[in-house]
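Scrolling down, you'll hit the structures one after another.
Same chain, two partners: chain A is paired with chain B first, then with chain C.
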Partner chain A sequence: MVDIQTIRDDGYTVLKIQGEVDASSSIQLDEALAELIAAQPPAILVDCTGLQYISSAGLGVFMSYIEELDSKQIKMVLFGLSDKVRHVFDILGLDQLLQLVDSQEEAKALLT
Partner chain B sequence: MSAKSIIRIALALAILAWLAMVATDMVVIFDLRNPVNMGIEPQVPNIFFVIYVLAVFVFYKYRIGAAQSDNFIDLLWKIFITGLLTTIVSLALTGVDVVLGGTHLISHPLVVDVLYLIRLGLLLAFAISTFVVWKRLILYQKSKLLLRGWMVFEYLLLATLLSIFVPFDFTRYLFFVVLPFAVVLSGNMKWVAFLSFKQKWKSLLLLVLTLLYLIYFYVNISEIRGTHPYLQVPGNMQFVLSLLVFTALYAVFSLLVILFNLPTSSVFEQKLEEVVNFQRLSQSVQTEQSESQIYNILLNSAVRATQADAAWIEVKINDKEKMFRHHIGSETIMNIKNYFKNSKGNDPFIFDHPERPVRHARSLRKLRGVPFASMVVFPLVMSGEQTGLIVLLKELREGFNRDLIDIAQTFVNQACISVEGFRLMAEALATERYKEELKIAQRVQRQLLPAALHGGPDFEIAAFSQAADEVGGDYYDTFQINEHQTALIIGDVSGKGTSAAFHMSQMRGIFHGLAQMNLPPEEFLLRANRAISSGLDKTSFITISYYVIDSAARQVTFARAGHCPTLYYNYETGKASYFTNKGLGLGMVRNKQYKNYIQSRTFSYKPGDILLLYTDGITEARNRQGEEFGYERLLKLVEKHAGLPAHDIRQQLIDALYEFCGHRELDDDYTVIIVKFK
Partner chain C sequence: MKTRISVPCLKTNLQRIRQFIVKTLRTQQLPELDIHAMVLAVDEVCANLMIHANKCSPRHSIEVNIDLSDSQKVVFDIIDHSQGFDIRQHPDPDLQEIIKNRRKGGLGLMLVKRIMDDIDFEVKDNQAIVRLAKHLPGR
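Right after this comes the complex of A and B.
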C-alpha cells in the first residue's frame, strides 16, 4: 500500500512516498523512479516523511538506480526518514551510497 | 419378445392372413357363381382381412414407429420407398392386364379376384405405413391431451375396422365421427418447424409423391370394384376410406404448411444457428480453446447473425495487438480508419467510456473506394477495461437495424465473458504452477541449510530457522577451517521464491569455496561480492555477516555486509550490545570500491560470553498492534537468559517471540544462532 506523487518544482522534482513499500508496492516505486529519471531532471528529492516501512525489495529499487543517477549526473537526496526507516537504510549500508538528510531544507541546501 | 422377432412374426402373419383371405375369398366367389356350397361363410375372408390389417399395422409400428431417430426426411423417405415399390407392383399388374386384355383367362372372376386382392393388400400396406409415420409426426413434442386424442382416434379406426362383423350398418356414421378427429389431429405440424430450408423442399417432393400414390391406388381399386361387382367382399371399404382420407388429409395439410413456411424458414434457421453459435461461444471456455479461437467464433457468429458482408476484430492478447479479419483486407481497414480519423466528428473507433459498452454505428456512404455503406463498431470490454473492438460492415445503406445490432451485442458480450473466463482459468493454472515451483524451491532450500553446526572446543552453538509460507531467503552455515578456526556465516537473500533459493545456493557455494582459503573476513566479503554480483539482477542484494572464531587466540574476527548488527553479551558486565561496524550488502556496489564500505572487527571472548546472530525476521516481527519486536526486546531477552546453555536460550527466544506475536505464523523468515563461549 503505497501512494507516490511526483511534484515538479524549479530545478528539482520531489517524489513523495507515503505508506509502506513492500515487495508488491516496490514495483510502483520502481516505475515512478524510472519515469522520473527518464525525464532527466537536474535533481530528485525523495520525500520519505510519510514512508512508514520499506522492505528489502524497496531498498533494492533505490539501490538499482544509484549507478544510473551517477552516470546521468542527477543528484538524488532522500529526506524526512523516520528513525525506523533510517535504521533500515543504515544497516544495509545504503546511507553510504545515498544522501539521507532530515528535512527538505537540508536537502535543497545540498543541491546548491 | 424382441422387436425383431415381433416384426418377423407380424410379417409372417400378414402373409399367411393374406393368403388365407385370397383362398377363402376364391371359394366364396366360386360358391356364388356355382351352385356348389363349399361351406365357407362370406364373413370368413373378412376375418383374414382384419388379421391382415392388424398384422401389417404391428409390422410397421415396430419397424418405423420404434426407430429413435427424429430425422423427418428419413421417415418420409421410408413411405416414399414403400409407395414406390407398391406402385411398381401395381403397375406391373396393370401391364399384365393390358397384355392379356380380353383373353378369357384374365377376365375369369377368380383371376380378377386374386389380382384385386394383391392390389388391395399393397394399398393397405402403403396406407398403414403412412399412417404409422403420420402418427410419429403428429405426436412429435406431444402433449398429454394430444396423446389421448390420438388414442381415441386409433380406437375409432379399430371400431370401423371391426364394424363389418356387426349386423347393422353404422359404419357409415362412424366415418363422420372419425373425420373430425382426423382433421383436428392433422393440425399438429410441429415437426415442420424443425426442417431446414432444404429439408422442406425435399419433404414437399416426398409428400406430393405420397399423395399421388394414394390417389392412384384409390382410383385404381374403386375402378376395379366398379367393373366387378362380385368383389364387394372381402374388405371393409369404410375402413379403407377412413384410412385413406386421414393419410391424404395429413399429407395435404403438411404440404400446405411447409409451403407457407418456406419463406420464413431462413429466419427460423438463422435463429437456430444463433442459438447453436451462442452455445459454442459459452462452451469454448470449458474445452481447451485458445483465446484466438474464441475471437474467431465471435467473428463468424456475428457476421452470420447480422448477415454482414465483412468484419474485423482488433484485440490485445498478452499485450500484443492481434487482428482477425473476415472478407476484408488490411488496406481497406486502414482506409476506413483513416477516413474517420481525418473527418470531423467523433471517431467511432475510440470509446470514451469503455466501462459502459456503447456501440457506434456509422454510415460509410461518403467514403469512396470502399464497397461498404454501413458500419457498426462494438467495444470488447473485459474486467471493465476495453481490450479491443469488433467492426461489422455491410454493403447496404443502413444495413444494421436495431434487432441485428442487439443480437451482435449479445454475441460480443458472451465472447467477452468467455475470454474473461478463459483468462481467469489460465491465471489459476499459472498460480498452480507457481505453487509447485515454490514447493521445489522450498525443498532445495531446506537442503542448503546444514543439518548440524560445528561446535568448537570452547563454544557451543544452537540454531533455529523457520521460513514463512513462501520460500525463504535465510541462510546460515559453519565451516571448520582448521583445528582451532571455525567460519560462521548468516545471510538473508532479498527477493523470494525460486530466485532467492537459487541465490542462496550460490551463496553456499561461495561460502564453502572461500571459507577453506582462510581469508580475513573483509577479504571474504570483497571476493564474495565480486562472485555474487554478476549473478544478481539489479534490484537484488544479499546481506551476510561472516565470522571466524579462533579458539587458540580466543578471538572472533568478523565483517558485516549489510546484515543485521551482531548482538554480543559480555558475561563480566552482564550487559549486551550491538556492534556498530559499517557494512554494505553484497551486490550493492558491484566493483572494487566495495571494500571502502566495509569494516572488519575483532574482539576477544571470555567464558560465558554470548554471540547472537539473527535475521531481520526477528527484529521486524510484529504483534497484532503492529508493534515490532525490535532490537531492545531482543537485547533484554539475551541479558535475562544469558546463564542458560545455548539450546535453552534459543528456546526462550522462540517462545518469547511467539508470545509477542500471539501466534506461531510469522510473515517473514527468521533465523537465530546462538554461540556461547566456554
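Right after this comes the complex of A and C.
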C-alpha cells in the first residue's frame, strides 16, 4: 500500500513516499524514518509527490520525530504534497510545526 | 440513498472502507477536497474502533452506513459490537505535548472533530453507533 525509498544525494537524503499512509501502513514510514535519522544525514527531504493519502497515523510519525530531529540538528522539509494531503496538515495546523513546500527546488533552497 | 459496507476488524480493511466511501460520495458531485476530508474522518473513527475497541480481531466486524437521503447533509453511521467510545468526551491533545513526548497517536479524533459538523454516539441493542454528519451548504 505504501512504497518508501531512500535516495542519498549530496548534502541531503530524499525519503520518497508513494501510496497511502494509514493506520495499517504507517509502521513502514516510521521504520524508514527511524533508520534514516539514525544514519544522521545533514538534512531529510521528504518527497510527497506520490503520497496519495495520509491519516493521523502518518501525521503522528512525522510529529514524533520533530524533537529528535531538532536535537540532532537535522533539518526536515516535506515537498510536493497534493492539495488533498496538504489539507490534512492544514486542518490540524501542522503546517506551523513542519516545513512544507511545493517543490524539491524550494526544499533544497531552505537547506542553504 | 442508503448504502453500507461491513468488514472484519483488520487494519488492512481500512482501504476497502475508504474506497467504498469515495465511490459512494462521487455519485453526489461533491468537491474532491470535501470527499477526501469525510473519508479521512470516517477512516480515523474506524481505525480507532478496530485498534482500541476490537483489538484488531478479524472475528469482530465493523460496519459503515452512508445515508444520502437528505440533500443538505451526508450522514455516516459507524457501528461495531464493542462498548465504543464517545468522541465528544475525548479532549483534544496539546500538539506541543505530543512533540515533546514523541507521541505518535492522539491526532485522529481531533481531525474528526474539525472535519465533521455533528458527532453523536449511542449504545443500543448491543451495538455502539458513532454518527457523523457533514452539512452541505448551498445544495
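The rule is simple: the second predicted complex is superposed on the first by the 112 of 112 C-alpha atoms of A that agree within 3 Å, B and C clash if a C-alpha of one lies under 4 Å from a C-alpha of the other, contacts with A are read in each partner's own complex, and residues count from 1 in each chain.
Note that in this section a contact is a pair of C-beta atoms (placed from the backbone, for glycine too) under 8 Å apart; a residue touches a chain by one contact, two chains touch by 3 or more.
A quick note: this is a predicted structure, and the numbers were derived from the prediction, not measured.
Contacts of A:64 after superposition: both chain B and chain C are touched.
By the touch criterion defined above, A:7 reaches neither chain B nor chain C. Touch criterion met: A:83 reaches chain C, while chain B stays clear of it. Of the two partner chains, neither chain B nor chain C is touched by A:39. Of the two partners chain B and chain C, it is C that touches the larger number of chain A residues.
In the superposed pair of complexes, A:93 makes contact with chain B and with chain C alike.
In the overlay built on the shared chain, the residue A:109 is in contact with neither chain B nor chain C. Touched by chain B in one complex and by chain C in the other are residues 23, 26, 30, 56-57, 59-61, 63-64, 84, 91-94, 97 of chain A. By the touch rule above, chain A contacts chain C in their complex via residues 1, 20, 22-24, 26, 30, 53, 55-57, 59-61, 63-68, 83-84, 87-88, 91-94, 97. Chain A meets chain B in the complex at residues 23, 26, 30, 56-57, 59-61, 63-64, 84, 91-94, 96-97.
Residues 11-12, 14-15, 18, 32-33, 36-37, 40, 43-44, 47, 50-51, 95, 98-100, 102-108, 110-111, 114-115 of chain C touch chain A in their complex. Residues 492, 494-496, 538-541, 543, 561-565, 582-585, 588-589, 597-598, 628 of chain B are the ones that touch chain A when the two sit in their complex.
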